[in-house]
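In the two complexes that follow, chain A is the common piece, with chain B as its partner first and chain C second.
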Partner chain A sequence: MGRITLNDIRKRFGTTEVIHGVDLEVGEGELVVFVGPSGCGKSTLLRLIAGLDQPTSGTIEIDGRDVTRVSAADRGLAMVFQSYALYPHMTVQQNLSFGLQNTKMARDEVGRRVSEAARMLEIEPLLERRPTQLSGGQRQRVAIGRAIVREPAAFLLDEPLSNLDAELRVTMRAELAQLHDRLTTTMIYVTHDQVEAMTLADRIVVLRHGRIEQVATPLDLFNRPANLFVAGFIGAPNMNLFTATAQDGQAALPGGLAVPVPRNGPCTIGIRPQHLHPAEADASALEGRVTLVEALGTETVVHFRTADGTDVITVMAGQPGIRLGDTIRLAPDPGQIHLFDADGDRMDNNV
Partner chain B sequence: MRRVVSFLARRRGHGGRWHWTDAVTWLWLVGGTVLMFGPALWLVASSFKGPAQLAEFPPTLLPYEQIVVQVEGHDAPLPLYEVAGPHGTTRQLAEIRRIGTNAQMVDPTDPDTRLNVDIAARTPIREIGLALDNYVQPLVANDFLRFLWNSVFVTVMATLITLLTNSMAAFALSKYRFRGRDAVMLLIVATLMVPLSVILVPLYSVVNATGLLDSLWGVILPTVATPTGVFLLRQYMLTIPDELLEAARMDHASEWQIYWRIVLPLAAPALAVLAIFSVVWRWNDFLWPLIVLSRRETYTLQVGLNTYAGELNVQWHYILAMTVVTMIPVVLVFVFLQRFITTGIAGAGIK
Partner chain C sequence: MAALPAKLGVVVTAPLVLLARAVDPPLRWWQRMAGQGGMAAVFLLPNLAIFGVFVLFPLALNFVYSTTAGTDILLQGRSFVGGAQYARLLECRDYLDPLTCREDTFWTAAANTLVFVVLQVTMMVVVSTITALILNREIRARGFFRAVFFFPVLLSPVVVGLIWRWILQRQGLLNLVMVSLGLEPEVWLNDRTYAFAATIGVSVWAHMGFYTLILLAGLQAIPKDLYEAAEMDGTRPARVFWRITLPLLGPNLAVVLVLALIRGVQIFDEVYVLTGGGPGTSTLYLTQYIYEVGFASVLRNPGLAAAASILMGLVLVVLTLCQLWLSRRGEAKGAK
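The block that comes next holds the complex of A and B.
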């Protein structure tokens, strides 16, 4: 239960197409995260799956059944909205049971499901309260509870943690992960926060301008970004990107460091800030003057500028004692260099 | 009590002295109170005066009654006067009749001697008394209880139907997207500019053709679709987040259930405002009921009041008394629902 397949989904609002042909397969019990900058179409895609909007073309299948023209209620999915969308005039109990009563479910079965969900989410003392009397975290739980009681084929979560403060977000993130382990139901989770995506997902779908840029496990995404956009979007601080032109299978970084490139022509070299280390004294290296030091305690983020004006970021472990204006010389870890061709697609340099 | 006094004695001037704004504030507030409250109070006081006292000039503030005494040899009780004697003494005499500028009077203790007194030398003896007959007579003998019931029926039914139909229209116009929605809305709002007097004749033909003439439903039905109500409710419903409706849709709620169980309860403040408006409008309606209703049994209060204003004779004492009766429900509505009016209008207008 809970296999969702999207075939060439397109969505147009008026004359602007916002989803340009998305194909995706979400496996049973998988937790898939849609991530991307705002306006990339991730929420729209989720609403299409939920049935709140109709795709302009393409089909949606749940467990092999074509549900493209099936109403939202009959798809057997449950959604948690960004604003929670709890009914303000009903108590928590009524909020949880509203959907079940609408399906003419027997009263004791409704009671059983509600109390089970309340126990699971530890909201039993709150059942008689109204949403306005709850804190943000409690509302979040109730919203999830309203989805759980439906016993859906899949959960759809639209930025569920974005209204919480930072501390609560971390706690709820962990609880969501536990919940997924316990329920083993398919979940599709939309967020713009890459930390949420990396920590929760079985697989991440990176979206931009209504197109899928890459679908991969979190570590694959980090280690082998398929293109420049994914490379820049995943990982904090952002990957350093250097444009260069490859000749004779070699491209040069600022400071003369040579990198082997499989194809000649213009290319982009990407190096994560974490993958730069102090260079040997006589070897060629990225050399620059420190322009900003962000000491975070366990690590230090150092911004520096090379002689030709390229800004580079590096992350050093601990507190290395680098001050503003110092000159540093760094070299990339071998095997941790990402190469992209003129179109921004990944080139494999392990050839 | 001391806090009330200190509140009232508060001054803006330095060290508790008078500032010119204090004087203006007092003047403004006292003047406003007199201006607003004075006529209503005057009406209530006058409604307890007899017809003779109403015609008196200069008018008195409080209702008085002439004291009458039973004098031997006269069937009807005679009005009692104080008559100034020749040497500064006064006597209480009862008046039998007036002849020109003289009055034929009698001492109640000595009924056989008749006295001729200049009318300038006597003043009527009166005490504060209520002419309750002003109220009793119309309510008991002149069908005003019937009119009252008709008015209540019209007001209650019209308000209920107004709330139901207007909220349904507002729901569709605020929560569904369909071709021509804005045009329909514009059309509805545009009808605000057409006054009743313009459509009076065609409306009369319609009511006549449908056989509703001379019945209370002929008063009720043409008034229930109010553009103000649709506009007010629509503006309020626009503030209800769409996510709530989508959540309900996923919760298997039918469109009717969404309207009845989600939107209506949440629009309660705006509904309260419209209910208040509708009650006041329908209660105070005069022109339309006057045209539709021609049998006395179907009169509403406002039309009934009109029957006291004849071409030759206006029975002010009854008009005033029944005006007070007419005012009571409206005043009660405002006293108890005042806070809804302000919050509701503010909410519907600005949000």
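The block that comes next holds the complex of A and C.
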């Protein structure tokens, strides 16, 4: 239960197309995260799956059944809205049972499901309250509870944590992960926050301008970004990107560091800040003056500028005692260099 | 291009700036004299004075008049009679039959007003709710229809009365149409039932735009995703209306209900122009009774009219208190 397939989904609002042909397969019980910058079409795609909007073309299947023209209610999915969309005039109890009462479900069954969800989410003491009498985190739980009681084939969550403060967001994130482990129901989770995506997802779908840029597990996405956009979007601080022109199978980084490149021509070399380390004294290296030091205690983020004016970021473990204006010399781990061709697509440097 | 509006702005604001500079020193001086709290009084005083002269003073004067008798309009020519005018209004042999009362026209007008208000307000709430629901949907030319329904609110009540008299009178537009369709013409405004219905219909037509607007604002304040959540759950449209739309529209409906009640009790202008209270006394409402007793009849009785208006005022005060209570309760519920 809960296998969702999208076939060449397109969506136009008026004359502007915002989803340009999306193909995707979400497996049973999988937690898939849609991530991408604001306005890239994450919510639109989720609403198309939910049945709240109709695709302009393409088909949607749930467990092999074509549901493209099936109403939202009959798709067997439950949605958690960014604003929670709780009914303000109903108590928590009524909010949880309202949807079930539409379906002529037996009273006992409604009561059983509501109390089970309330117990699971630890909101039993709140059942008689109204949404306005709840804190943000409590509302969030009720919104999730309203989805759980429907025992859906899949949960759809649109930026469910974005209205919470940073601390609560971390707690709720962990709880959502536990909930998914316990329920083993398919979840599609939308966020613009890459940390949420990396920590929650079985697989991440990176979207940009209504297109899928890459679908992969979090670590694959980090280790082998398919293109420049994904490389820049995933990982914090952002990957250092150097443009260069490869000649005779080599491209030069600022400071004279040479990187082997399989193809000649313009290319981009990417190095994550975490993968730069102090260079040997006589080897060629990225050399620059420190322009900013962000000491976070467990690690230190150092910004520096090379002689030709390129800004580079590095992350060092612990508190290395580097000061503004110091000169540092760094070299990348040889196996951790990403190469991208002129179109921004990944070149495999292992070949 | 951008330079012109900027210059225009300077020209427009220059007089205001000069004005502000001119009033600034005296206001500063005043604040030094009166202190922060005293300044509030300084700003409130002009409005309070106007309110006092045109509302509070007449109110008190009206009460004084209600304790006097005579036909003279000036207080010096009137004699003090205490509560006699009230007693006269309230004196009945059988309180279930207006005709046994000493001031039977007062009771007829009161009974008419009661029936009118109950029917008119019910119709007003139902019609403006339905109109607001329709105008809130994504229909074509929505803006145009919103304007159409609001337009009568802009008309003077006298114009409203004249328009409908022109339509409903014996030689009016409606009869013209009926005759041309081969139907018998009808004496709409000379039939007790038709005339009564006409006063209800016309006043609903004239005021519903205002109430529709209040309800439309309420409907638009209901978040869209509540409806989407209901849609995900497969809630039937009727259930969505009764369980989501109506409860969330509650505060607006309460405002509409009470405003319509208050304005219903005060009904006068349109009806006076349309039917003049007739035929007979079938569309005679309280305000017209007061006007006629106090000013228009041959043997005018300002004291009696004043007493009647005080009684009517008491009803309005009760209705207003109901409104305050309802809106407080609504707020308390939201805050809890």
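Definition applied: the second predicted complex is superposed on the first by the 351 of 351 C-alpha atoms of A that agree within 3 Å, B and C clash if a C-alpha of one lies under 4 Å from a C-alpha of the other, contacts with A are read in each partner's own complex, and residues count from 1 in each chain.
Quick note on the criterion: contacts are C-beta pairs under 8 Å (C-beta built on N, C-alpha and C of every residue); 3 or more make two chains touch, one makes a residue touch a chain.
Since the model is a prediction, treat every value here as computed from it, not as a measurement.
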{"item": "Three-chain arrangement built on chain A, chain B and chain C clash or fit", "value": "clash"}
{"item": "Contacts of A:P262 with chain B and chain C, given as first, second, both or neither", "value": "neither"}
{"item": "Touching partner for A:T132 - first (chain B), second (chain C), both, neither", "value": "second"}
{"item": "Which superposed partner A:G344 touches (first chain B, second chain C, both, neither)", "value": "neither"}
{"item": "Chain B versus chain C as contact partner of A:A78, first or second or both or neither", "value": "both"}
{"item": "Contacts of A:P88 with chain B and chain C, given as first, second, both or neither", "value": "both"}
{"item": "Touching partner for A:G21 - first (chain B), second (chain C), both, neither", "value": "neither"}
{"item": "First, second, both or neither for A:P320, with chain B first and chain C second", "value": "neither"}
{"item": "Single chain B stretch clashing with chain C - from 81-89, 99-107 or 243-251", "value": "243-251"}
{"item": "Residues on chain A lying within both footprints (that of chain B and that of chain C)", "value": "50-52, 71-73, 77-79, 81, 83, 85, 87-89, 98-99, 102-103, 146, 150"}
{"item": "Touching residues on chain A, where the partner in the complex is chain B", "value": "50-52, 71-73, 77-79, 81-83, 85-89, 98-99, 102-103, 146, 150"}
{"item": "Parts of chain C lying in touch with chain A, wherever the complex brings them together", "value": "223, 225-226, 228-236, 239, 243-244, 247-248, 250, 334-336"}
{"item": "Contacting residues of chain B [partner chain A, same complex]", "value": "241, 243-244, 246-254, 257, 261-262, 265-266"}
{"item": "Chain A residues within the chain C interface of the complex", "value": "50-52, 71-74, 77-79, 81, 83, 85, 87-89, 98-99, 102-103, 130, 132-133, 146, 150"}
